[in-house]
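Which chain is which? They are A, B and C, in the order written, and residues in each are numbered from 1.
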Amino acid sequence: MRLSVTTHRKREVIDLTPLLSEQLPSGNGVLHIFTQHTQAAVALADLDPGTDVDLLDALDNLIPKLQWRHPHNPSHTPDHLLASLTGPSLGVPFEQEQFLLGTWQRIILIEFDGPRDRQIILTPLPGLAK
Amino acid sequence: MRLSVTTHRKREVIDLTPLLSEQLPSGNGVLHIFTQHTQAAVALADLDPGTDVDLLDALDNLIPKLQWRHPHNPSHTPDHLLASLTGPSLGVPFEQEQFLLGTWQRIILIEFDGPRDRQIILTPLPGLAK
Amino acid sequence: MRLSVTTHRKREVIDLTPLLSEQLPSGNGVLHIFTQHTQAAVALADLDPGTDVDLLDALDNLIPKLQWRHPHNPSHTPDHLLASLTGPSLGVPFEQEQFLLGTWQRIILIEFDGPRDRQIILTPLPGLAK
């Protein structure tokens, strides 16, 4: 299953939870979520007002300030590095068409070089029948 | 399958390997391990005496010292950030009721804001039959 | 399925994409990729000339310079920490014997303490039949 999500800023956190919840099949298993980009990531986060900016600020400050070799555009290197480090994929368990998320857990897309249309591949993996 | 694990300190590394090994079904596949919290993470690590504290120290020093916006309690922001960065989930392959771990690999829960009871969802995913 | 990959330097990025592509079964699902080591990791990255060294440099500079407790060899602590942080496993969706990767996405092994032979466990997880 493929979804497209439009981002609006250079860096942005988008809550995917409502959109992905609609795609859950019956049965139980794990929804595998994968974004097809090297400047975006999928993660879980606590989302309260301002925490999205906290996350983006922290990530920005995480990457050391070095001379980059990236041939196309060295200024994009931190975007690629953060995508590799945070990771493009995540598995979230579900049961009876509902995610088994904790109270504060939200599934997020992190955009590192928007605005863009970002492609997401969803693969429901069935749990072992008992 | 759901497990509850009690943590005992503000920050702590708990070896989940023995507990999870008991839950493995027959057949082959991947055990998906997911913690339902925004201040805890699941990872793999080498565990020797002191390496748990090394890991906690390194993570502590990884997060930049910034002014956080988090509305409830800004001092919790690094806990949330480290949980998002380290990640709440992991898949570990198994075969015949045994994890296919390397000699030094241990499956760990990282507590970032204990002591608490932490919920873990286990989903065995069957590998493709040959 | 097990593969062995030989690395050639202390730190190195190896593109696994061609090797893993040959192992894809028919049908659709997610290939779970797992390395059995505490000083190596699996990730996705944009690979252009020089970007592998950018990634290794950034990771090197990410880890704070602290006094480590690791009993065997404290100088190995950053290798272990980077492996835990980057992570030993990854799921990548496939369809009809092809990865559903974005144009620039490559599946990489990151070696933190080579040269060595690194073992990789591949588990194809079937997607839910519609």
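Assume a residue touches a chain if its C-beta (ideal position, glycine included) is under 8 Å from a C-beta of that chain, and two chains touch if they have at least 3 such contacts.
Quick caveat: nothing in here was measured; it's all calculated off a predicted structure.
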Message = Do subunit A and subunit C, two copies of one chain sequence, contact each other through the same residue numbers, with over half in common, or through different ones?
response = different
Key: Fitting subunit A to subunit B on CA atoms, where both chains share a sequence, rotation angle to nearest 5 degrees   = 120
Query = Using CA atom averages as chain centres, what separation in Å is found between subunit A and subunit C?
reply = 19
For subunit B, residues that touch 2 or more chains besides their own = 29, 62, 85, 87, 91, 125-126
Ask   = Which of the residues in subunit B end up touching subunit C in this complex?
value = 28-30, 43-46, 48-51, 53-55, 57-58, 61-62, 85-87, 90-93, 100-102, 104-105, 125-128
Remark   = Within the complex, subunit A is touched by subunit B residues 25, 27, 29, 32, 34-39, 62-64, 66, 68-72, 77, 80-81, 83-85, 87-89, 91, 119, 121, 123-126
